């Protein structure tokens, strides 16, 4: 018997039942697709929409941010930071990410996003603790609602989704904004996080800072997509493409995404096109993989210059304002420099204190061992001071 | 299976049921407890450990996730950051591997990197081990990976009562626990009720399952019933074996283990995981460090071979069985005329 | 000094330089997007395009495939297979995947895709070795150009990409077709594989068999995307949506994708909408998560019935053909049953033979140990046979 | 750093250069050798180990990949399936974790699951270990994970000559090799030329770096120079320490190790990885199993603490140093009046 016969439809009867309903797209893809061109305000007819108050606020943050970046880089040269991944050139992304959030919202930064944390109000010394090297995280994430700066790429994204989901389950009106680089979008964790977010309709905003490079690898070797924002439709969330150096444009797009998430509208993927003006970190040599011309081209599209130009066209860039902003930035930098020039307090016993809620017996043994070693070291050092300086027992060994 | 064979028919509660009950009670006691994973909802998990939870607590408390283990662990981290107590199911041992970056770099370290500000009360249930006739990737004993990761607690029950008690303790712990469930014991049964006294077993305490004087079998999880059987069989050879169930591999109960070995003077570590680089090395080494002059013989190991887990038709050759354990006990230098090399 | 002044452009000069070129979408997304409706041929006006030869060939394969599935499931009941994940209802996907490939091409099946391997010509016993449990892979992948059946979800996809890429680097005209389920698309490996494929323009075709479920989890809890084929644009490759129960339609779409890959046109993502008619495996209880009504609805869109109907409308479904096809299927099933009813040859020493090219000294020690144990077991068994049957020394223990 | 300090300025070749030369020579000798990873192209890798390869061999032979470690390993598996010999770079130890499913479930098992039909000649280079002032996730000693995975070879050079010789041998091996490069020794230098005799070191052979009679220090990779320094310092205490460089952790050279320990009667295992569940447990256990009656004292371990790798400003306290090694040697029960417990 043929299958048709089994199903009771006779041979030559031309009967084609309608396919089951799993057929039609479950949501309309059109509104999820990004525009062909990144969204811009500055330098376009729509620039006038931007309130002068916001423009001035952004300006202050951007200038402070640039100064902060310069200061942090200087601190690497003075040996006060182990390493610094600068966000110079990306200040609009950093600042907008911070400003669009309410106090109760959460920020999930990557290693490059200390400025976003600072713009959110975190003490810069706390933000830089990881990079100074006295501890991994220099602040209480719950107090500031800033997750630890995250180094393993894209791994912070599922955290943001889980946290936002948990907040929603608890009935709290909290949005999470998570930052990731263009390179980070290639990681499996990016994919899994966006998928969970969309399935759960979690209140998360994903901000991809597409700065053109993952260390030395240019975007063209990272992705063949029309844009990274085009990934959104594959999860069923809107993708937005925006000029990442146009602070008011980014502020608007992110604000909309945050509001949408808050309203229960689910996650959004925002791709901000920007450029990293410095090397990957102070330890990197960018001349190996990109030309000065390319960097110069982007200097012409500087996020601070764009806002300055608009302020200036509106006649708002007074010497007074410029001075005041500059002073604020210098003050931040001076305070940072002074405080980072002090050696941080270190307690080797911290090594054992936070591995578990209660140290295991092993850890207590090891703590005692280190304590004894340090005591012996100190005794030797004391003895050596008495004897003279050629005793090496207490010398630091890596 | 050994355990099923020896305990079957006796009394009604299976390890799977005890685990299910532990989840249910934990969820009822604390609204912060959320169960999540692949197929944990309507299906109740492929082993039915989460059976009925979605009906009782709703999808928000016991939800199917998309099929992505790093995503499951990663989102559970975020949920724990917000104060929930996620209980995550990895469907099988080998399917936890996609989540290893989240596990090693985040789950194990979050408390430490935030100086204690952000503990992660997260339980990761992993059905593990072989002996169930599973095809490749369904029978791994992956505990060595977890043991090498400071910041994780690693717990594995071998009895029905412990399945309940240790899972309750794991969920109550403010630190992440990898909770290894011996698949082949899911259907082992025992006379047990959660209303018995002290149903919540403390983490980090080993338990002597059979006192003895000749030598100590140090084991855990799926190998406990095999060791018990071996100890019975050993009486015929005149050996009175003590059987020690570690229950918790991290924290490790040096005290109980060393007290036993000092008493018996001989020890064999038994586990299914491959020997090389497996838990037995650590256990043997630390027992030897601490009990050297009480040892009449080196601490020996009976472990899975140093091979990928075999196909089902060959697995019986791989798994530590009674004969192999007794052979090894026999090599603990009982004779006076012992010569070097016989310990190999 | 403001940034503008540094750059030498004076305050009120209204000068907005063009943004750098990283702006426009790098490829046109439109042709990468799937159609709104799955592509169909049977039951549409375009059905006539399908050659009768192909239709008849597909029919034979489909009927054989269904019979193969039934036989394999029966073997689980007889304890001859440890487990069987049936592809009943998905035969069109299995068959089309096999038929569109040239001999030199590679197939990357998942655990559910033994039928695809069989349709490609692999001995069914070899295809089922994994599920019988005598060894992990029952054939030489290089001989058949069929990768080992893959159980860890989506992990075979990067293998397919790497192999196809390697073939292209070597100048070989080889295409890889990789199969994955709807659930598998959520895994990070899916994402990473598709991205590598697109960046490398590797000659790969990804076939997603969207059968509506990942074990018990329905698609709606797996993805919120308009369709899974909409993921393609996010990698910069075409996404195609096709009726996975319409064998000729799928054959056409996959053939096009294979040809495109062969021509150097890069990878394609094909989503085939289908349905798993049986439980996940024989060990699963599908009534826990889906209704009989849903299953029945899909019975009306059976892949074999669709082809039969078309053959029948063309007057090609002669009793002769039906009989011939049925006979072929029965022959396959009978052969399979007979051969699977023999115990496979097992050599425990195989455990040590293939871990490394040369066994390590540890493995040689362990091999010797097992050999001695088996000898002792055999001796005991011999002795027991002599003595009687109540000696348990040699009994199997798990 | 110790090694740099003791060897610096002597002669021109650094370990990084030797590794680079090994890659270059392997690529020149065999067109099947392909180098791939993040930033291995124009940048030459963040440690410059692949410097110049893209210029010499083109992008097809030395290509930057997208940023995805499972993808890198997974595509490398596919390339090896087609007959290439991929040499993959994981940028740092902790960034290999996203690839662990591919590593454990495929890389380690492909030969076995296909009965030898599909070997995977794949080299996975992993810069590992601490002492370079790196921030979190940049200093892990992850060798325990690899050791617990049958099917992998695990190799780590400690000298400039071995960096070349072992890497050549790893690439020539028909089995997958996890090639662990001690980051802190990248800039250590030695008088060495690849034209010296036998530049390709055989895998699986340990090497005595300093003969001695009092006790054996068993070590590898980044801890070798520390052990050498400790052995020098120990002469002042009257100890003549033998220093044994394992070079290959899998295969493990029981023969050389046990011969040494049987000779000296005492042993200390030294490594940076955390002690609990680390390689030292396996090493101590197998040495004890094989040499028990030659041992005057338990095999002790000097290892990293059982904590997540510390921040740079505290790492010196974590890493095994000369003093800690000598203290431990001092606990090898040299006195007649030894009492149990002092070995803890």
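All chains are identified by letter, namely A, B, C and D, in their written order; residue positions are counted from 1 within each chain.
The rule we apply is simple: contacts are C-beta pairs under 8 Å (C-beta built on N, C-alpha and C of every residue); 3 or more make two chains touch, one makes a residue touch a chain.
Just so it is clear, the model here is predicted, and its values are computed rather than measured.
Chemist: Going only between touching chains, how few steps reach subunit D from subunit B?
Modeler: 1
Chemist: So, comparing C-alpha centroids, which chain is the farthest one from subunit B?
Modeler: Between subunit B and every other chain, the largest centroid distance is to A.
Chemist: Just how far, in Å, is the C-alpha centre of subunit B from the one of subunit A?
Modeler: 39
Chemist: Can you work out the whole-Å distance between the CA centroids of subunit B and subunit C?
Modeler: 34
Chemist: Would you give the residues of subunit A that are in contact with at least 2 other chains, written as numbers and ranges?
Modeler: Residues 135-136, 152, 186-189, 191-192, 195, 199, 221-223, 350, 355, 360, 362 of subunit A each touch two or more of the other chains.
Chemist: Give me the residue numbers in subunit D that touch at least two other chains, ranges are fine.
Modeler: Residue numbers touching two or more other chains: 65-66, 68, 70-71, 94, 97-98, 101, 105, 109, 112-113, 136-137, 150-151, 250, 252, 276, 305-308, 344.
Chemist: Of all residues in subunit A, which touch subunit C in the complex?
Modeler: 2-4, 7, 9, 11-12, 14-17, 19-20, 22-29, 32-33, 36-38, 40, 42-43, 66, 186-192, 195, 198-199, 201, 210, 212, 219-228, 230-237, 243, 245, 266, 273, 275, 294, 297-302, 304-305, 308-309, 312-313, 315, 317, 322
Chemist: Along subunit D, where are the residues that touch subunit A in the complex?
Modeler: 1-2, 38-39, 41-44, 46, 64-71, 94-95, 97-98, 130-131, 133-138, 184, 226, 276, 305-308, 310-319, 321-324, 327, 344
Chemist: Which bits of subunit D are touching subunit B when the two form their complex?
Modeler: Against subunit B, subunit D makes touches at 70, 94, 97-98, 100-101, 104-105, 108-109, 112-113, 136-137, 144-145, 147-151, 250, 252, 262, 273-274, 276-286, 288-295, 297-301, 305-308, 338, 340-341, 343-344.
Chemist: Touching subunit D in the complex: which residues of subunit A?
Modeler: Those in contact with subunit D are residues 82-83, 111, 130-136, 151-153, 183-184, 186-189, 214-217, 221-223, 284-285, 288-289, 344, 346, 348, 350-352, 355, 360, 362-363, 365-366, 370, 373-374, 376-377, 393, 396-398.
Chemist: For subunit B, which residues are in contact with subunit A within the complex?
Modeler: Contacts found on subunit B: 34, 60, 65-66, 68, 70-71, 73-84, 86, 98, 101-102, 105-106, 109-119, 150-151, 153, 173-175, 204, 250-252, 254-255.
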